[in-house]
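When the chains are written out, they are named A, B, C and D in that same order, and each has its own residue count from 1.
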Amino acid sequence: MADTDMKDLVVLAYSGGLDTSCILVWLKEQGYEVVAYLANVGQDEDFEAIRAKALKFGATKMIIPDLKKEFVEEFIWPAVQANAVYEDRYLLGTALARPLIAREMIKVAKEVGASYVAHGATGKGNDQIRFELGAYALHPTIKVLSPWRLPEFYNRFQGRDDLFEYARMNGIPLPVTKSKPWSMDANMMHVSYESGVLEDPNHQAPDDICQMTVNPEKAPDVPEVLVIEFEKGVPVKVINKTDSTEVTDPLELFLYLNQIGGRNGVGRIDIVENRFIGMKSRGIYETPGATILLTAHTDIEVFTMDREVRKVKRSLDSQFSEQVYRGFWFSPECEFTRFCIKKSQESVEGKVTVKVYKGGVYILARESPSSLYNDELVSMNVQGEYNPTDAGGFIKINALRLREYCRLRENSV
Amino acid sequence: MADTDMKDLVVLAYSGGLDTSCILVWLKEQGYEVVAYLANVGQDEDFEAIRAKALKFGATKMIIPDLKKEFVEEFIWPAVQANAVYEDRYLLGTALARPLIAREMIKVAKEVGASYVAHGATGKGNDQIRFELGAYALHPTIKVLSPWRLPEFYNRFQGRDDLFEYARMNGIPLPVTKSKPWSMDANMMHVSYESGVLEDPNHQAPDDICQMTVNPEKAPDVPEVLVIEFEKGVPVKVINKTDSTEVTDPLELFLYLNQIGGRNGVGRIDIVENRFIGMKSRGIYETPGATILLTAHTDIEVFTMDREVRKVKRSLDSQFSEQVYRGFWFSPECEFTRFCIKKSQESVEGKVTVKVYKGGVYILARESPSSLYNDELVSMNVQGEYNPTDAGGFIKINALRLREYCRLRENSV
Amino acid sequence: MADTDMKDLVVLAYSGGLDTSCILVWLKEQGYEVVAYLANVGQDEDFEAIRAKALKFGATKMIIPDLKKEFVEEFIWPAVQANAVYEDRYLLGTALARPLIAREMIKVAKEVGASYVAHGATGKGNDQIRFELGAYALHPTIKVLSPWRLPEFYNRFQGRDDLFEYARMNGIPLPVTKSKPWSMDANMMHVSYESGVLEDPNHQAPDDICQMTVNPEKAPDVPEVLVIEFEKGVPVKVINKTDSTEVTDPLELFLYLNQIGGRNGVGRIDIVENRFIGMKSRGIYETPGATILLTAHTDIEVFTMDREVRKVKRSLDSQFSEQVYRGFWFSPECEFTRFCIKKSQESVEGKVTVKVYKGGVYILARESPSSLYNDELVSMNVQGEYNPTDAGGFIKINALRLREYCRLRENSV
Amino acid sequence: MADTDMKDLVVLAYSGGLDTSCILVWLKEQGYEVVAYLANVGQDEDFEAIRAKALKFGATKMIIPDLKKEFVEEFIWPAVQANAVYEDRYLLGTALARPLIAREMIKVAKEVGASYVAHGATGKGNDQIRFELGAYALHPTIKVLSPWRLPEFYNRFQGRDDLFEYARMNGIPLPVTKSKPWSMDANMMHVSYESGVLEDPNHQAPDDICQMTVNPEKAPDVPEVLVIEFEKGVPVKVINKTDSTEVTDPLELFLYLNQIGGRNGVGRIDIVENRFIGMKSRGIYETPGATILLTAHTDIEVFTMDREVRKVKRSLDSQFSEQVYRGFWFSPECEFTRFCIKKSQESVEGKVTVKVYKGGVYILARESPSSLYNDELVSMNVQGEYNPTDAGGFIKINALRLREYCRLRENSV
């Protein structure tokens, strides 16, 4: 870039780790002025130590907004309403945080007058996409620097050793040990682990890899029973029947479910998934609280929602999940699916009783002021207004097509 | 019916229980000749005692075909290939057996020259539909007697007491105790419990209700590790790494997984579901072996199948599951979805390592000769042929639509 | 029914034709008091003559509400927004009127205190279902009399001759001639013809069958050009460029398009369709105005709506169309799909220029204040902000999956 | 590229037009040896004149394979089976030819030992994607040169004038006149027109733009009537009832339908569509023969296929259409959808009578040896085995859900 008096300003998503520290120094070398930015989305970090690091390595300032409340209310709650799961298993813990982080990064960029944002995501992953689609959607003229996709960067740092060498030269501390040969991403909702020894999908993950959850085998021998209350498809109260704990604030409630799930070993998965970029990748994820919520929400939703509405809605759910996974949170289609899904949740209310035990979440009971469940109607002992002969007509009419088809084929057994 | 010399012949699906015993006697009273029929689909029964009962209460003969092998190979295996689940939770254990039972019942009817078949299913449930759609599809001119939908029957037996009285008069033994105030359906794949005390969806199911599985809390403290090998989407070998047990025969393999799942408390659910008839109903289901297979098959499928093929296939899976739930196994649409799903499974092969522990099934590792997983491609340390700058173009093009949308709305943050 | 002083009151959907006249007389014979009801949904009828007939044959009174405006605004407009078509061809002209007719019939029933409603639809068609699902949904305890499904009625009137004889005995005028050996249903949106000579799907429909449209071969030799303006997905103005006619009132606008379409032979189809009841049936339909609107709305919708939003929306459209066809307008799922579709239309605005000529509707041009069309972006002569090298990356990343698949199969040409 | 003795060999898709002629010369300048290649997919061209041009401008040789038969049988027929339409209107005429052209180009590249292929498609369109995805899928290590995406090319030729100047310098003839200010793509199935004056979506296309079809207003005043016979979803015979012409050979049959459609003005559309790249673009398309086939195939398909099978199949059709539009013909998912769709066509057989008149295609009648249409069943005069009281039960059971919903809402009118 041009060597002018006025340096180009870049907001760098800075984690405090080796990669983004090297990127910070490198950006400075390239002549940029760097504002470091780290979103607090509930990950377990020493934020002030990171701030000190950023400033030490040359950032003009370090901005660390607390986004936890927004994360729960604007991102996790819609995912709960959508029973959001990608490829049948992944609860989208990382994917849901990215648009929030991008939104705030753009806000910061506008505030500080930066025309660039930068991040340290690799060139093979989903996160680069999620960050950048969010950034472009919210600020179409923003320029993105993704060093791991810039030849001048990745050709210079072709292996980890090059990066270590650069770090050493610039006083950037190296990771203390090689005891954790994998990479991870953490937020309030989940921690994910991938790469390194995990790249071989037939290599079992180390027992001690997880941070948010205990191994189910080490969980307590006594189950905990919770009553989770929903309104409009989101949890509004949790009561622990074992010790009468009661929480209602959204952020506290979610953290409490994490705690319950965590100590009972809930929400660990080992999966291979299909990245947007087209490759398969293997990851270990732990998502304790959201796993409890997915189970409970599914139960209260089926209980209170009309069958056919739910079929339409579940199709929207699938689309929502894929949109989120692929980084399209701030797209017109994701706005639309969120809007429709939210509408479907108006009567999703009631209480679900769940047992949490050694990795499992078991539904025990449910009640609702607006269930379509009618115990008199379903009862085998009560006829009520239901006329069983109607069922005969129903079956005959449903069979009409099948009988015609059979006749055409002369295909009786 | 007319009092002719030649009695009308009916094949009655006879379970040996109170209801079908009363129906047997009642059909005789109405002037029918009754051939009793009971499909052995792996339920835990004293079949000879039932045979004796049937003959005692007036059946001309009792036919008890062993359908276990067909059940596994022709019905459970396609469900495994389809990851078949209804409304996110129910593995279709009853629904899958019904078409098989109906097919054999029609075969028996043709062999004995019966123009009627009869069953004791209630007029509010799914099973009447599944039986009868199967029957009509395979034998369009068959006549079905469903006493619980015939006014002359249900008006006579308006409560359980009427039935008890009738049983007493006809020497039909009453259920010994009232200790199990619910109804159940059992086969090799699952046992379901509903009605009675379970009708209140907020009333917790009794602890001792289940037959195939122990309560997870009473399961062993040590996990079992299995390697399940798949070919064309169905399991062909299970090796228990704990004790080196190895099974390959389909029927044995499935029973073995039931045993593993059962002793480890796998596959219990408490759900409210939407019947085809339109009402919501609450059931407790246990499906140990199939739950293990669903988990393992999902894993090997994602591992070996192209992402986009799987999206198409999963949509077919949903349709298949609903077809099965609603009794349309022998429909042209279900033939079509089965055919397509089967095609998708040609390369679904490999070994999945699973841990089974106190109700949970955990994937540990997987390998396959035909996976699309490419560890070199995904590696963060190897560039290989992958050019990271391509990802930048990919993102920019994907962002094009979003930027236009944003511009139109002048909607930057 | 019981012979009490207080007669049961029934609201009969009365068309003035042979069938419902006989039903009126027959209901009186059965002891009912009958209020006749005929919805004016724009069909071409002598309503006062029908009123006189109803009273003559014993109706206590005859109620003829004018529902034309509601039909256009509450039923046709949502169908336009949904591009509603059943099985690729049928624009749902009859299906859309039925719920409106049912809603008003229930309103009348409540006003006059009737606990019964009756209609003359056959027992094999869709309309019985549409009427009755509407009625039950809006008034769960209403009782429906459908004489063509009552054995006491259909056994008495086994052929048309029995009905003719009964009509003669009761002074009901017979259809003057047999020149139109088919049945028809008419409203403002369309006329349908079926049965009789049309039952043979290989028998060509008579040339003179249609009422709303001329045969394209007899249409004017000079096209008419219209500019149709949309707001929120519904037409708000039509200007005929040929003669400068301009209409804006919804009802007038729709009638005007019918006139244009009608004189130019637009909207005639000959199809076989699948009834909800499961059988295939052949019909001739003419739907002039709505066919023009479908063409124009599709054009402005694609022009103004984001591609991916439209994919989600089109899936909802399909579901909406099937819901309407099957009579589920007043269902929770149809409320939900209508709500979502309506949301999608917020920016569907602009003007479409169409040419109407001898059966064809041709789009000539379109403009919109909120199109996502960007002529600079798409131009082959302007580079603009678009960087063509991005497309290379986009393609490479999209190819990644395909190349892996090919490698796995070693499947080069 | 390196200046070695052994020049790199490139196969260039060469149309004979200005752009690819300049590209040919430019590639030579860059040091490549060029083999020119032009697929004969039925476009109206003087192939020998193009061959002469290619050799004159420096191609080592010119290969012009005749792919017409393959185009019809392997690409158009599957599209007919799939009723393939993109965004409700575009019959995919260009999109279907691209994978065939790419497949043959790769075959040529392998035969001549080229490690490069090149094409002249723009960097903003779909065709670059279709060519290259096809190429990479079939030959993962092929290298693609797309000059309009290479900075060294597009920076040199920034406007048409630069290209004209280069052409003049190199003896490349300029387009004779500017009378056709748009670009076009032509093959046997369709001709498309876009860019230039067409870029303004509100500017009406010139009357004389089309090549395959007459303006409907200039079409004959007398309709032509055809009987089109299908087997397994593809046409096997066409009889023109007007003049008794009969064709059965696939290629001849398709060309004959083009001729009929062409002279009657069938298959012209003016649309805005969404490119894969994300932008909206406006095009004029004419697709005479395939439009007739789409109409006729839809009719015979609904006539012969079970309703529910067709619902599943239509969903696959949509996916197929998008796959083709986006260039994924040689993808695992498109192989899968084609396979499933083909299966669905096994009984799609029979004869459809269509009238073709001034732009319109009208179905008159149809017959089939394997229709599920049962005129006795549907007849209003014949009861047959159908019991109308069954419909009452069918309706009541379908209403159950609606009545419960209404009760919950206490929402009667």
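Operating definition for what follows: a contact is a pair of C-beta atoms (placed from the backbone, for glycine too) under 8 Å apart; a residue touches a chain by one contact, two chains touch by 3 or more.
Protein identities per chain, from UniProt: A, B, C, D = Argininosuccinate synthase.
Values in this document were obtained by computation on a predicted structure and should not be read as measured data.
K.L.:
If you tally contacting C-beta pairs, which comes out ahead, C-D or B-C? Let me know.
P.N.:
C-D
K.L.:
For chain C, which other chain has the most distant CA centre?
P.N.:
So the chain farthest away from chain C turns out to be A.
K.L.:
Centre to centre, by mean C-alpha position, how many angstrom separate chain C and chain D?
P.N.:
32
K.L.:
How many Å are there between the centre of chain B and the centre of chain C, using C-alpha atoms for each centre?
P.N.:
One centre to the other, that is 40 Å.
K.L.:
Which positions in chain A are in touch with at least two other chains?
P.N.:
277-279, 306-308, 328, 331-332, 372, 374, 377, 386, 389, 391-392, 394, 396-398, 400-401, 404-405
K.L.:
Going by the touch rule set out above, what shape does the chain contact graph take here: line, ring, star, complete or other?
P.N.:
Here the contact pattern is complete, since every chain touches every other one.
K.L.:
Would you pull the chain C residues touching chain D in the complex into a rising list?
P.N.:
Per the stated touch rule, the residues are 83, 87-89, 103, 106-107, 110, 122-124, 128-129, 132-133, 136-140, 146, 148-151, 154, 158-160, 183, 195, 199-205, 216-217, 221, 223, 268-274, 277-282, 298-299, 302-303, 307, 310, 314, 327-328, 330-332, 353, 357-360, 362-367, 371-375, 377-381, 383, 386, 388-389, 391-392, 394-396, 398-399, 401-403, 405-407, 412-413.
K.L.:
Any idea which chain C residues touch chain B in the complex?
P.N.:
Chain C residues touching chain B: 306-308, 370, 372, 374, 377, 386-387, 389-394, 396-398, 400-401, 404-405, 408.
K.L.:
Going by the contact rule at the top, pick out the chain B residues touching chain D in the complex.
P.N.:
Touching chain D from chain B are residues 277-279, 306, 308-309, 311-313, 315-316, 319, 328, 331-333, 336-337, 339-340, 343-344, 397-398, 400-401, 404.
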